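One chain, subunit A, appears in both complexes that follow, with subunit B as partner in the first and subunit C in the second.
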Partner chain A sequence: MSAAAGVGQQWVLVEMVQAFYEAPAYHLILEGILILWIIRLIFSKTYKLQERSDLTPKEKEELIEEWQPEPLVPPVPKDHPALNYNVVSGPPTHKITVNGKECINFASFNFLGLLDNEKVKSAAQASLKKYGVGTCGPRGFYGTFDVHLELEDRLAKFMRTEEAIIYSYGFATIASAIPAYSKRGDIVFVDEAACFAIQKGLQASRSNIKLFKHNDMADLERLLKEQEIEDQKNPRKARVTRRFIVVEGLYMNTGDVCPLPELIKLKYKYKVRIFLEESLSFGVLGEHGRGITEHFGINIDDIDLISANMENSLASIGGFCCGRSFIIDHQRLSGQGYCFSASLPPLLAAAAIEALNIMEDNPDIFQTLRAKCEHMHKALQGISGLKVVGESFSPALHLQLEDSSGSRENDVKLLKRVVDYCMNSGIALTQARYLEKEEKCLPSPSIRVVITVEQTEQELDKAASLIKEAAQSVLN
Partner chain B sequence: MEIACPINKGISTMFTNILRGLVPMSSLPHALPRVQKLPQPRSSLSWASLTSFPPHPQVMYLLLHTVKGTPFETPDQGKDRLLTHWEQIDYGMQCTSSRKFLSISPVVLYLLTSFYTKYDPAHFVINTASLLSVLLPKLPQFHGVRLFGINKY
Partner chain C sequence: MANPSAVCNGHLHHHHHQKQNNLLKSGVCKKNGITKGMKKNGVSNGTLYKKTFIEHFEQAPMYVAVLTFVGFGVGTIFGYLRDFMRAWGLEKRNIAEEREQQKDFVPLYQDFENFYTRNLYMRIRDNWNRPICSVPGPQFDLMERVTDDYNWTFRFTGRTIKNVINMGSYNYLGFAETEPTALKTVTKELQKYGTGICSTRQEMGTLDKHVELEKLVAKFLGVDDAMVFGMGFATNSMNIPALVGKGCLILSDELNHTSLVLGARLSGATIRIFKHNNMQSLEKLLRDAIIYGQPRSRRAWRKIIILVEGIYSMEGSIVRLPEIVSLKKKYKAYLYLDEAHSIGAVGATGRGVVEYFGMSPDDVDVLMGTFTKSFGAAGGYIAGKKDLVDFLRTHSHSAVYATSMCPPVAEQIIRAMKCLMGLDGTTQGLQRVRQLGKNTRYFRRRLHEMGFIIYGNDDSPVVPLLLYMPGKIGAFARRMLEKNIGVVVVGFPATPITESRARFCVSAAHTREMLDTVLNALDELGDFLQLKYSRYSKSSHPELYEETRFELED
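Our next item is the complex of A and B:
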C-alpha cells in the first residue's frame, strides 16, 4: 500500500517537473519578475507616508537658534482675581460668610435651597456611616453601589425617560457625552453661547463644529440648508455622517432659554439629533421641575439626550444623562468620564436621592422660585449703567455694563468695585468668570445674580436697591 | 499620537509581532489540505489547482481591502473609520514586516499553484488575475486610493 503510494507520488512529481521544463515563456518571465519583486520587498526599509520635512538641516539649525523659550510661569499682575480669592468660612447657604463678613448669598447656584436642608444632610450622614466617604474605583471596578443604581433609576423615573447614567463630575458629564456619539467627520451645530463644558466636549469629539448665532433659528436653518445642499452633492458621504445640535435649556452665559419647539421642528425637517444640556433648567423650569421640555410641553422622546449636572438644583455633585436605553447604554462603555473616573461618592448619591424626594413632594417650590425670579428681574430694571440680561424667570441673571469702557480689563475692574460695594453692605455677588483665552465666543463681563427659593422678598428688594446704589456711586 | 498610544493600539498591534501569530495562522489553511493530498496520485489537471485553499485570495481581499474601520470603538474618535484594514496595519507605516509577509504570501501561493497546475494557460489567466487583485491594493502607491469612488465612505 505504501509502496504503491510512493510510486504514485514519484510519478506525479516527475510529471510536474516535466511540465516545468515545457512551461510557456510568458509564465516563467512573470514568475521571475515576481521573485525579483519579492527580493526587493524583503530588503526595503519601512517608512511613513507623509514624513517629508522640507527643511534642510541648516534651516532647522536656524529655527532652533531663533527659538526663545517662554517662561514656564508667565508674568501675572498682582491683582489678578485668581490670586486674590474671597475665602468662604462655613456653608454657602442662604447666609454666607465671606472674608469674615456675613452676607446674603446671591452667588451660589443653590436654587432650591437644598444645600442646607436637614433631610438631605441626614440622608448623607446615614450614607456616610454606612458606606464611608469615597468609592475608590470606577463604575466597572467595584465602584457601583446600590445608591448609584437607585439614583439612576429615580432620575430616569423623574425625567420620564427609559434610563439615566450618573457621572461623578458635572463638567465631565456633557464633556464625555458628546464625544461618545460624535466622532471625526460628524457635524455638530452648536449655539455660540454654549458653556465651557460643551466647548471642551466638542473639542474632544474632533467633529466639524458649526456655530450659529445665539438663539437665532434663522441662522441655524441657513446652516442646516447649506449642509443639506452639500449632502445632496455627495449622498454616500452624507449617509455615514452623523449630525447633532447641541443647545442648553437655560444658558448659563446669557440667562435665556432656547426655542425648543422650533428646534424640534428643525430636527425632524433636517434629520438632526438634539442634545440638550439642562444644568440650569433642571429643577427650575417646568411645573414639576423636569426642565425645559416640561416648560414647553414637549414630549421627552423628541429629545435624544438630556444632560444635566446635579451641582445646581440638586445640591449634590456630579451629573447625569437621561434618554432612551438604546442611547444611554452606549455611554456605559464609551463615556470616558464614566469608565475612567471613580464613581460618585455614595453620600452624595444618597443626598441627591433625598433632594429628588423633596422635589417630588413639594412641587410648588418651582413656582415660588420663578415668582421670586420675576420679582427680582423687575426690581433690577432701570439701574443706571447696568442692564439686565436674561429671561424674567431665569434664576441666574447677568448684569452687564450698558456702555463698555472699551477694554475688558477696565470693565472687569468697574464691575469688581460694584461687587465689592455690595459685599461690604452685606450682599454677596460675583462676577461671571471665564478662561478668556480658551472660550470660543467670550461673553462680555457681567455680574451674576442668583435667586434662590430661600431669599425673602425683602432681601430681594434690599439687594436690588443696593445694586442700584453701587452702580450709581461707582459708574457715575 | 499614533505612535505613543500605549493603552489601545487597536487592530494594528495584532500584526506587529506577526511571526508569532500570522505565519502559523495563514499557513494552516494551506497546510491542512496538502497533508492529505500530496501523497495521493493526481492524474487530472483540474484537481491540481485545488491544492491551494480555493477562496484564499478572495477572502483575503475581503478582509484586508474591503471592510473599513474597526469592529470596536477606538479612543482616537474614529480616525480610521474610512481606512481599510490593510491601510490601518502599523498605523500606516509602509513596508513593515507584517505588510511584507502579507504581500509575499499570495505570491508564494501563486508560484506553487502555477507549478501544481503545470503552467496551464487557462489556470494562468485565473490565477494571475486573482494575484494582481490581491497585490495591487497592497502597493504603497495605492494607500487610500479608491478607484471609481467604490468603497470610499
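Our next item is the complex of A and C:
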C-alpha cells in the first residue's frame, strides 16, 4: 500500500519536471515574474511608514547628555511671607510668648483652654510613666494599646454613636476616611469652601467630584437633579455608583455652619450619604459640645460619618471618625492613615480621655464659650476697612478687608501690618494661611481671630479695640 | 544532590533570576562568595560598595507554591459555601448591617469587595490588633481576649498575659522605655508644655522646641537644615506633592510604602515603577524617560525623582544606595530616600543607610525619616539643603494645614538623638547601635542555620521568615503566643499571595536569653509546622553549599 503511494508520488514529480522542460520560455519568464511579484507583495508593507525614527546609541547618549532638569525646588525669596515663622517660647496657652513678646493668645484653637489644664497634664504624665512615649507600631502590629480602645469607646459614647476610630493625625483623619469609601467612578458632592484635608481626601479617592456653591442648597439640588437625569439614562451604572455629600459642620475657611437640616432632607430625597467634618464644631457647638448635630437637634444616625480632630477643643493630637459600626469598622482595614501609620502615642490618648472627662463634667463650658464668641463677634463689628466673616457663635472668625487693594499680595501685606500692630501691643493674632496654588477655591486673605473660654471680657474688648486701632492706622 | 537542586532552580521566577544576576554583575557578593565575587566582577563597579552587601531571597520549592494556592483555593470554596449559607439563612450573619432607612441607597460596599475579609481574614483575625497594656519594650503585657463567635467579636477576659517577648514592635534601639531617669526631660517638658499645640506651623504652632529639634536633626544627619512633622505617614504623603507635580516623573520602587505611593499619587506627577531594588530596571526607566520625554506631548520631563526606602519593611532588604546614587548622578535625577526603618537602625553610629554605605548625606537630595521606630516617638522629618527645607517651610501641606508636633514627643526625640550622638556624655547610644547590629546578625544567622527561609540583608533588623501557606499564618502566630512570644504575621494583600510571612523586628533591648528563647521556640515550631523550607542552610559546612549555589546561578 505504502509502496504504491510512493510510486504514484514519484510519477507526479517526473511529470512536473517534464512539463517544466516542455513549457515555452516566455511562459517560464512570465511565471517567474509573477512569483517574484507575489513575494514582493508579501514582504512589502501595505502602507508607507513614516521615516524610521530609531535613534542611534550615539544620539541617545547625546539626548541624555543634553537634558537639563529643573532644580528640585525653586529658590525661596528671603522675604517670603510664610518663610519666617512666629516662634513661640514655652507653651502656646492663653498667655503666649511670640517672638519674645508676651501676648494674649487669639490665634490657637484652644477653645476650651484644656491645653494648660493640670488634670489633663497629670493624666498624660501617668500614661507617660506607664507606656513611655511612642507606640513603635501600627494598630495592627501591637500598636493597639488599652488606652486607644478606651478612647474610642469614650468618643463613641460621648457622640452617642455605635463606634469610633482614632487616627494619629488630625489631617489624615478625613483625608483617609473619604477614600476608604468613595472610589473611582463614585460621585462626591462637596461644598466649595471645604477645607484642605477634605480636598486631599477627595483627590486620593479619584472619585468624580462635583462642587456646589458654599452653603447653597439650591445649587446642590441642581447638581443632584442633574445626576438623577444622568442616572435614568444608565440605570445599571447608577445602581453601583455610590454618592456622598461632604460638608463641614463649622467651616474652617468661612466660620459659618452648614445648613444641616436641609442637607438631611436632600440626603433622603436623593439617597446620598453625608460625611461631616466637625474639627471646629466638635467640643464647641451644642449643649454638650457634641457638635453640629446637637446644635440643630438632629439624630446623629442620620449622618453617615462624622470626622473631627482632637487637636482643637481636646487640645491633644490626632483625630477620630464616628458613626455606625457598619460604616466605621470598614476603616480598620481600609483607612490608609489608620492601617499604615504608627498609632497615637498613649499619652496623647490619655490626655484626650481626660479632656473628654472635663467636657462631660462641665457642660456649661460650651455656654460660656458661646457667650464669649457672641461678645467678640459684636465687638468686632463696625471696624472701618475690615469685615467680620463667620457666625456669631463661631470661635474662629475671619476678618477680611472690606475693599481689596486688587492684588492678593498687597492684601496679605496690609493684613500682616494689622497683625503686627496687634502683636506689638500684646494681642497674638495670625493670618489664615493657605497654599495659594493648591486650594480649589482660594478663600480671601483674612486674619483669624480665635476665641477661647480663657479670654476674659476685658481681654476680648481690648483685642477688639486694638484691632480697630490697628485697622485705622494701617488701612486709612 | 546536584540534580534536584537544578530542578528547583528552574522554578525561579524570572525577576528573581534577574535580581541574582544583577547581584553578581555589579560586583556585590553573596554570603561566603566574597572572594569569588570580587575577583570576577570587582573591576566594573565593585568600588561602589565599601563593604560586602549580602542579601537573600531564596525561592521555596515548587510544591510549596502549589500547596499555597491549594490552601487559598480551599479557603475560597468554603468562603463561597458559607456566603451561600448566610444568604439562605442557614448560618448566622455576624456582619454589621445597613440601617433599615438606608437599605434602598446604593450599597456602600460591593459584596465581593469584602469576600476575602469576611471569609479568610476573619478566620485568623485574632492575630492582629492584639491590644497591649504596657510599654512596647523588649517584653510587653497583652490583654487576653477570647472570641465566642469565631473572631467576629472579641471579649476581654480581664486577665493580662505578662512578659510576652516582643518581636513585633519597631523598637530597634530600645528607646520605648519607661525608665524614669531616661524620661526625666520628657516628663519635665510635658509638665511645661502640655500635650496640645492647637495651631499649624505657619500660624501659631512653631514652638522653641520644634526649632531646637530641627537644629538637632540637621546636625545629627550632617545636613544644612531639617523640618519635622507630626506624623511619619503624612511626612511622605503631604510633602512629595510639594516637591513634584505635573510634568515631573516619579520612579518608585515596587515595594514602596503606602505613604510614598499616596504622596506620589497626590502630586499629579507621572509614576513609573521599577522592580524592587533592581538597578537595571531603574536605569532602563531613566534612560527611556530622558530619551523619549513625556508620553503624548513628547516634551522633556521637568524633573525626575527616584523614590526609595532605606530598609524595606516587608522584605528586610536594604536599598542599593551606591548604585542608585551613581545612576542619579549620571542621569541628573533627584533622589528621595525614606529612612523610616533605617534611621538609627543601621550605620556605625545609627545614621541610617547613608552611613551604612559610607556615603555623604549630600549624595541624597531629600532625606526623609520617621521618629516612630528607632526613636520610640512619633512623627517624621525631611532634611537636606537649605533651599529644600526653606521651600518646604513655605509649601509643605503639613506646615500650612496640619497641627505641629506635640512638645513632649519632640523632647523624646531630642533625648534619644542626643543619646545616639553621645551628647548626654555617655556611650550608651553607640552601645545600643552596636547591640542591635550584634542581635540582628545573631538572630539571622541562627534562623538561617535552622533552615528557615528568611529574606533580606544580613544587617537588616527587619527579619521576614517565610510561612507561605495561609493556614500556617494563624497557626504560627497562635502557637508563638502560647509560648509567650508576640510576633507579627503578614499575608496577602500586604505581601504577594504566595509569600505570607512572619516578621521579626530585632531590638537592641532584646537580651541574648530572650533571643534564644525565641529561637528555640522557632526551632520547635519550625519542625512542627514544617517551616524549614531552605535548601541551602542545613549543611554544617556553609562554604560547600554556597559553592553549589554559585554554580547553579551561573
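Annotations for the structure displayed:
Here is the rule we use: the second predicted complex is superposed on the first by the 406 of 476 C-alpha atoms of A that agree within 3 Å, B and C clash if a C-alpha of one lies under 4 Å from a C-alpha of the other, contacts with A are read in each partner's own complex, and residues count from 1 in each chain.
What we mean here is this: contacts are C-beta pairs under 8 Å (C-beta built on N, C-alpha and C of every residue); 3 or more make two chains touch, one makes a residue touch a chain.
The structure displayed is predicted, hence computed values, not measured ones.
Once the two complexes are laid over each other on the shared chain, residue contacts for A:Asp301 go to subunit C alone; subunit B is not touched.
Once the two complexes are overlaid on the shared chain, A:Pro363 sits clear of subunit B and of subunit C alike. When the two complexes are superposed, the chain touching more residues of subunit A, out of subunit B and subunit C, is C. Shared-chain residue A:Val73: touches subunit C; no touch with subunit B. Once the two complexes are overlaid on the shared chain, A:Ala315 sits against subunit C while remaining clear of subunit B. In the overlay built on the shared chain, the residue A:Ala82 is in contact with subunit C alone; subunit B does not reach it. In the superposition on chain A, A:Leu41 contacts subunit B only, with no contact to subunit C.
By the touch criterion stated above, A:Val240 is placed in contact with subunit B and with subunit C alike.
Touch criterion not met for A:Gly382: it reaches neither subunit B nor subunit C.
In the superposition on chain A, A:Gly32 contacts neither subunit B nor subunit C. Residues 204, 239-240, 333 of subunit A touch subunit B in one complex and subunit C in the other.
Within the complex formed with subunit C, the subunit A residues making contact are 55, 60, 63-64, 67-76, 80, 82-83, 85-93, 96, 98, 105, 107-110, 114-117, 120-121, 124-125, 128-137, 139-146, 148-149, 168-172, 181, 195-197, 200, 203-204, 238-243, 268, 271-273, 301, 309, 311-312, 314-317, 324-327, 329-330, 332-333, 336-337, 339-342, 344-345, 347-348, 351, 428, 430-435, 438, 448. By the touch rule above, subunit C contacts subunit A in their complex via residues 96-99, 101-102, 104-110, 117, 121, 128-137, 140, 143, 166, 168-171, 175-178, 180, 183, 186-187, 190-208, 211, 230-234, 237-238, 241, 243, 257-259, 262, 265-266, 287, 290-291, 300-305, 331-334, 365-366, 370-373, 375-378, 387-388, 390-395, 397-403, 406-409, 412, 486, 488. Across the interface of their complex, subunit B is touched by residues 5-6, 8-9, 11-12, 15-16, 19-20, 22-24, 27-28, 30-31, 34-35, 37-38, 41-42, 44-49, 179, 183-185, 204-207, 236-237, 239-240, 333-334 of subunit A.
Residue ranges on subunit B touching subunit A, taken from their complex, read 38-42, 73, 77-79, 81-82, 90, 92-96, 100, 103-104, 107-108, 110-111, 114-116, 118-119, 121, 124, 128, 140, 143, 149, 152-153.
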